[in-house]
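Take a look at the structures listed below.
The following pair of complexes shares a single chain, chain A, combined with chain B in the former and chain C in the latter.
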Partner chain A sequence: MGIMKNALLERMRRKDIYVVLVIGILIVMMCMSGAATLSIDGVPVTEFSMMMPMVLNVISVIGGGIAIALSLRTIPNEYERKTSHLVWIRGISQWKYHGQLALANIISSLGSLFILYAGVMVFAGIKGEYAVLAKCIPAFLLFSVSTAAVSLFTSAVSLVLPGMAAGVLAAALMLAGTMHPILETFSGIVSGVARQALRGILFLTPNLYAAESQAGRFLSGKSIQIHSILGGLLVLYICGMLLYLFRRKEA
Partner chain B sequence: MKKGTGKISIQKVIAVVMGAALLAGWIFTADRGIGSQEKKIYREAAEQQGLVDKMGFSGFRLEDYPVAMYDGKADYVFYQGKIEKRSPVLETFAGTAYPVGDHYEVIVPTLERFDGLLSLAGGVEGMVSGSGYGREEQIATIWHEGLHAWQMSHFQILGENLTPAEMEKELEQSGNENGDSEETLLVKELDQNAEQKKRMKKEMQLLKTAAEKKDIDGMKAAILEYREQQEKRQENMSAEALMAEKRCELTEGTAYYVEGNVLKALRGENVYRERYLDTLDVFEGGRGKFYRTGMAKCLILDRLEPDWKTGLDFTESLDELLYKAVESTL
Partner chain C sequence: MNMLSCSNLKKIYQKQCVVNDLSFSVKRGEVFALLGSNGAGKTTTIKMILDLIPKDAGNVEIQEGIRIGYSPETPYFHPFLSGREVLEFYGGLQKIPKEELKRQIPVLLERTGLEECKTKVKNYSKGMLQRLALAQALLGDPEFLILDEPSAGLDALGRVEMMHTIQRLKEEGKTILINSHILNDIERVCDRGIIMKKGSLLHEWEKGTDRRSLEEIFVEKIGGAKRWES
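And then the complex of A and B:
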């Protein structure tokens, strides 16, 4: 656990958290903007029920981006410092070493996500949506599965790919996963090679949106889909397996 | 060393069991077939038959036509109490009545997929529940397309006699033809001509006024003024564009009228007024405006000639029916 604690403390020393806080404040301001420019069926889109799914979508994408940024360099940096032999001589396996660093990545990513998510809680409180407020913490657990998976995937691919390639791959997975239903719909509109390409992307990327959208369903009192939550956990598990299977030659 | 290997082995076993359990749970909880929401939509749509019967389109029954819901991968066809899965007939998201073999079917995207379409159009997934399109609107759309299936199955619309096979061929070739489509003709001759567009807008206002008039005399006066305005506009249009206008108004106007009345029953008078009555004079590019003018004419006919739908065979345009009704009451 010492490895994980050190990695987390290093995060705290860095200024990443301030950037996340600023984004969080911006999200709260966006939620509370009184200037309704969009009205659907006579209901201004500033209403909580209308804003909440939109804000959750925005948060999931920003949170995913932050998870990639926080997780991309952690393990490679440790190897670049050439201090890993100090770990091996203590009999700590490479998997445990990577696992603890990846866990630190997940914790810091979810911490950042929670700061962003707190904007929704503040917004719910201000709007007097106390029933929603009471459900915010369990909803966060549902919401965080996909961000945790993105962080874990980034940690895993950072073991075997150069920084840029790992970042692009993780971002592609995160974006395609978050936009899965949109891509599914789009694949039904286009034809020919574009359709085959989209279907290929859909086949290769997990539906992260399905997992995280359960939080919105839970908050708005709709029934949650167990299948989607299990799907999210399965993706998390597979990313964990990748972390276990990928090794660094330096070790 | 041996102890350590054993410990890792237990961890591995736990990890494998966890993975297998997750996978099994995920597979076990997967949707098989069409969702319960879509089944409920079809059931509720069929339940509106009594309401539609009261509208007076004799012989129009939704259950006479297969209703296919396309979820992006397959069609789920509701017909005669069964639901059958098949390869999609139209691999595109459209609400339409389409020839399939020797008959016409209603084809709509599932509401879940429609939700996705809405998000693609700039909203977010899940927004459909809070937007203007939901379960009731989907039911109204099914009835709209159902009316088209009935029109094409039983009538020679404005004298045009096409079998489902011929219609299918025509639809397949429509993207490759050299001539202008109906939509393009209407855009060219109306929307892109400032004077014609102005006249059309005026006509729409007159029709709305006529439809809203409480007294029959006031209604007829508005219709006569409308007719005058319409004749001026139509003098400057090609025969093809005129036919496109008449056909669109007759087929879509009546379908829009059915759709509106179904939605009124499901969502109430206020929604109906806001979406259909208050927007009767809203000019829309292409064919869209004729949905509204057609519906306005249906509403006026309801007042002037309450039995106009009995025996309606779609061989006459709504204008012909309307002017006959006005003349018979003069």
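And then the complex of A and C:
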């Protein structure tokens, strides 16, 4: 676990991530404070139960972006500065090496996500929603599956693609995944090539929204769709398999 | 008895042959040098021996069951760790028991002159990093050491100290494969070696078999004097 520990310590020393995190916290706080004039069908959204799913969605997108930023360079950096040489010669398998680095990426990504998510807990406390507050931690576990998958996917593709390509691919997966319901709605509205393109995107990208929205359902007392959570875990597993299958030829 | 045998090694990078049909062997207990100008293929050869890059042809045979230590040309260690923590980290990767590590680390730090150094790696000089690289290569008491440019970037005193350390390791019976540009150092500590040019073996050198200095042989074989004269 030494590789993971050092990678985590290195992540924690990156100041740019803290800047992004602070901006993210400010956006989340703004969404919850009522400073943003949000309305649905002309009705202002002020109720906690109405705001929560939207805030969770905002947190998910910001958290996903931070996960990509944190996970994109970890493995390539190891190879560029040749830290990998001293690991490979000690007989550490690529799977074990990359696995520990990816685990460090996941932990740091979920740590950042939790800081953003803590805003929901503070907001629930302020609003006197103590029942919701009590459910916040288990809900976070449901909520974190898709961010963990984004981080793991980014780590995997960073092994075989150049930085920019890996980042764009991971961001595309994250955005399409978290906006699945919106894309589905659009695919029903548009026609022709645009419709085929949207259907193609929906077919190729996992529905990350389905998994993370279970946290909102759980917090608001609705029943959880187990198949959506299993779907999220399956995506996580597939990303793990990609990390296992993608290998470097040279240290 | 050969500790290492390389036969017909070949490596092609972007259609360019950087190591071509290279064969040599290193005997147990000797210090063997890989010599050559920049781009001769010395580091590529070391990487093929260590299986850090795939070979395009040829074979590497290392005596079975021996431990290998490797000191890279440009070592990078996590800057937030101390020298002791770096050795704990790599010792942990080697699965050296904690008690054994506790015993080994002070010895290695003393041997490489880093015992007094309590600071983090980020404050290390180039010379200290090279010494730390050597210390991590010595973890687990390997029989075979591969040192890639161990004197690179060291000042005169640092070089002398590094050569003294290599000399002591030789006296302890370690087999050492060393890649260096500094011919005086090589001549002092090495028993045999090869001179490479553009990936191929140009000349086999053995201490005491030629009245000329290694530098003279090197210049003659590589053609350095002609290059300057023209």
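Convention: the second predicted complex is superposed on the first by the 229 of 251 C-alpha atoms of A that agree within 3 Å, B and C clash if a C-alpha of one lies under 4 Å from a C-alpha of the other, contacts with A are read in each partner's own complex, and residues count from 1 in each chain.
Here is the rule we use: a residue touches a chain if its C-beta (ideal position, glycine included) is under 8 Å from a C-beta of that chain, and two chains touch if they have at least 3 such contacts.
Predicted model, so just to flag it, every value in this text is computed and none were measured.
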item: Chain A as common anchor, with chain B and chain C clashing or fitting; value: fit
item: Chain B versus chain C as contact partner of A:161, first or second or both or neither; value: neither
item: Which superposed partner A:237 touches (first chain B, second chain C, both, neither); value: first
item: Partner chain(s) touched by A:186 [first = chain B, second = chain C, both, neither]; value: first
item: Touched partner set for A:175, first chain B, second chain C, both or neither; value: neither
item: Which of chain B and chain C A:9 touches, first, second, both or neither; value: second
item: Chain B versus chain C as contact partner of A:92, first or second or both or neither; value: second
item: Chain B versus chain C as contact partner of A:53, first or second or both or neither; value: first
item: Touched chain A residues, chain B compared with chain C; value: B
item: Once both complexes are placed on the shared chain, angle at chain A toward chain B and chain C, C-alpha, multiple of 10 degrees; value: 160
item: Chain B versus chain C as contact partner of A:133, first or second or both or neither; value: neither
item: Distance of closest approach, chain C and chain B, by C-alpha atoms in Å; value: 12
item: Intersection of chain A interface sets (partners chain B, chain C); value: none
item: Touching residues on chain B, where the partner in the complex is chain A; value: 15, 18-19, 22-23, 25-26, 29-31, 70, 72, 91-93, 113, 115-117, 119-120, 123-127, 130-132, 274
item: Residue ranges of chain A in contact with chain B within the complex; value: 40-43, 49-50, 53-54, 57, 181-182, 184-189, 191, 209, 213, 216-217, 225-227, 230-231, 233-234, 237, 241, 244
item: Complex interface listing, chain A residues touching chain C; value: 2-3, 6, 9-10, 13, 81-83, 85-90, 92, 249-251
item: In the complex with chain A, residue positions of chain C that touch it; value: 47, 50-54, 68, 70, 72, 74-76, 78, 80-81, 89-90, 92-94, 136
